[in-house]
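To keep things simple, chains are lettered A, B and C as they appear, and every chain counts its residues starting from 1.
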Amino acid sequence: MLFVDDLHLSTTGGTELVHGVSFALAPGEAIGLVGESGSGKTLTCRAILGVPPPGVTVSGGTIRLAGDDVAHYSRRQWDRARGPRIAAVFQDPASYLNPSLTVGRQLGEVLRVKNGLHRRVAKARAVELLASMGLHRPEHVHDQYPYELSGGMLQRVLIAIAVSGDPDLLIADEATTALDVTVQAEVLNLIAALRAERRLSLLLVSHDLAVVAQLCDHVVVLRDGRVVESGPTRQVLDDPADPYTRALVADHREYGLDRLVAR
Amino acid sequence: MTAALEADGVEVRLGRRATTPILHGVDLTARAGEIVGLIGETGSGKTTLARAVVGLAPLHAGAVRVDGTPVSGLRGAELRRFRRGGRVQYVFQDPLRSLDPDVTVLDSVAEGLAVRGEGRAADRRARAVAALEQVGLDPALGDRLPGRLSGGQRQRVTIARALAVDPRVLLLDEPVSALDAANRNHVLRLLDRLRREREVAIVLITHDLGSLAGIADRIVVLYRGRVVEEGPAARVLLEPADPYTQRLIASVPSIDGPRPIYARSTR
Amino acid sequence: MRALRLAVRQRAARIALAVLGVVVLLMITGEWLAPYDPLHQDTTAILAGPSAEHWLGTDYVGRDVLSRLLAGSRLSVIAAAEAVGLGLLLGVLPGLASVYVGRVFEWLSLRVMDGLMALPFIIFAIAVAALLGNGLHQAMFAVGVLMAPSFYRVTRAAAIGLRQAQYVEAATLFGATRWRVVRTHVWQKVLPTVVVTTATAMAGALLVVSSLTFLGIGVQPPAPTWGGMLASDLGYLTQRPFGPVAPALLIIVTVAALNALADAMTVDPATTQEAPDALRR
């Protein structure tokens, strides 16, 4: 599904930020990308999405999406790929929505442009999608503006937009970090349900190992732009081989409910 | 023994004519050396409660006492004199917004002392450096502007700023929820030390129950402006009585694999 | 002074600063540099063209134009500076006070500034001259008063956004007085906009001084000023068609330099900020 091989990312100044990251994601599989801030997990994600930050370019390696090398895709090729093949949600949903348009209108626009739906059909489909995101009273939500919705509701709307093109791969970059714990649980559940229903592959980026443990089959641990360890989630988290991973897991376990229950 | 911090029946209403109730008579106490976890979701009123306690949000009813002395009625010069004492400190949720972008780290940390007008500038700098070291920051960062620090460093700077005036009561608003595990542990260990060595009364505000386990002595659960549960941390975390608390605890993800709530469909 | 540092990185601003430096130099040394007494009338050479003795020619009573321009620079610039200084004082302080003193002062100052903004510069200056007597200081007083609202508005706009800033709240929680908050936290944020407004206002004031002297208000002849020379030269266009060029050019270049400097300082800092910070967020 997604195949990243020896990916190098550098600034235009020549400083290399990501030094050969490799991993593969099978159809329907979920991989968690973990590491501290500055480890290159978000950079890698953005490169896979074809939107590296300004001044950063792919300086080596390949990114294959369903067999196609996308590392050097043109803008037009990307326009065709985003939606039906790859989609993403991020930490701050509000900044990805236009504050002066209703969320339904923004979802409808994506449906019309990407899926070529007629205006009226698009609206019906938009309400349907919002309903399938577990939003109560979807017709009402459809006509609301972003500021009228809570963070969790906005993230659901963003997920609706992301899956509206029926993508094969969903990238979630710290998508639940800013949410309340209860809302985080609901959104993670939603993603899990969507995975099962749509055979969606998932690339989940998080600094929280516990979040990754809820959803992912495999974990890739990044440090300073390098993969230090990867493998099945339970193996990596229960029996980490790399000292860095061990430190991450130990740090995580030092406080928290798990420790209390264990005592 | 009177508690270091006592807030009784705190009622806060916002809006033009104080029509929107945010807190409906909430009690909060913290004894010297105690860490109280104040937990609630977005909009539960936990930040408003902290702001009301330090006098940033107007009390509609209720009273706040520090070491037994009523402080919620103070105004003007009296209020300033009390605040200069630095007995109660509040650490804002967003370190980026609560640090002046044009003021160096060291000057920010020394601000409380400078306002007090205590000692000479060199002494104040020395105490600010000590506060930076206490939170585990390299004093060499003191000459930087906040924009040149990482999120974790900024968070510690705001804590150092509060510690520099040697408070008796420390309220921290989500001090660890934006941090990765290593930084979170560092801050939590620091709080634990403050409580033991300096007998500071600490109120730890968070939406993440998990970060309270192993550090809080008592937990207060706030839901829609009311306290729905309160008790010793172990009791609240292991045998929650209120359904909302139960849901909160069930929602905390575990590193040991999917928890039951994550297997259930939301629909 | 981040605004100024930022501006110096741009070529236009460096040129503008150089031009302004020359103007200031002229202001200080103009009187000594002048080859002739600016008031001396040479009746043998009236309305003469440029020559070896008179580089820029002579005016309608035979005074050396170059000497008058040089000598006039001090009065022209000082007059403008006087007006801007008064505008700064009457604008910035009430602007800050309107945010930090209280509702009554806020309301009152807003109404007064609204009122001042409705008055036209030239006509107000004429009225003031009629009331207080015709002189440079009276005219500049009038101009300064009318400049106050623009300083008031930019200061207030910059300060009002900071009233709710968390670092201001943090300072208040330490027991800081309003005065201390303004000094340590607000002033630095307000200063760049005030500096920019000052540069723009300086340009405006130079023009107004020129216009007023042109109308015969303010500086009284025979004392030389740029605006005054422009006015008198225009009267002799038929005899000396290039006459107004020199004073006009001086006014234009100085005003343009001030405007260029102001523009350079308003370049959006967000686009020029150091990259690491932007990336981190």
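Here is the rule we go by: a residue touches a chain if its C-beta (ideal position, glycine included) is under 8 Å from a C-beta of that chain, and two chains touch if they have at least 3 such contacts.
This one's a predicted model, so the numbers in the text were calculated from it and none came from an experiment.
Work out per-chain C-alpha centres and flag the one nearest the whole-protein C-alpha centre.
Here the chain at the core of the arrangement is B.
Computing the C-alpha centre of each chain, which chain sits at the greatest distance from chain A?
So the farthest one, by centre of C-alpha atoms, is C.
Please state whether B-C or A-B has more C-beta contact pairs across its interface.
Comparing B-C with A-B, the pair joined by more C-beta contacts is A-B.
Give, as an integer number of Å, the spacing between the C-alpha centres of chain C and chain A.
Once rounded, the distance between the two centres reads 55 Å.
Counting only Cα atoms for the centres, state how far chain B is from chain C in Å.
The answer is 50 Å.
Distance-wise, how many Å sit between the C-alpha centres of chain A and chain B, to the nearest whole number?
Computed value for the inter-centroid distance: 32 Å.
Can you pull out the residues of chain C that are in contact with at least two other chains?
Answer for chain C, listing residues that touch two or more other chains: there are none.
Where in chain B do residues touch two or more other chains at once?
Residues 150-151.
Help me check something: in the complex, which residues belonging to chain A touch chain B?
Listed in rising order, the residues are 36-38, 132, 134, 150-151, 177, 180-186, 188-190, 192-193, 207-211, 213-215, 234, 237, 247-249, 251-261.
In their shared complex, at which residues does chain C touch chain B?
165-167, 169-177, 180, 184-185, 188-189, 273-274, 276-277, 280-281
Touching chain A in the complex: which residues of chain B?
41-43, 150-152, 178, 180-182, 184-185, 188, 207-211, 213-215, 234, 237-238, 247-259, 261-262, 264-267
Quick one: in the complex, what on chain B touches chain C?
54-56, 79-86, 89-90, 92, 94, 96-100, 102-103, 108, 111-112, 115-116, 147-148, 150-151, 161, 165
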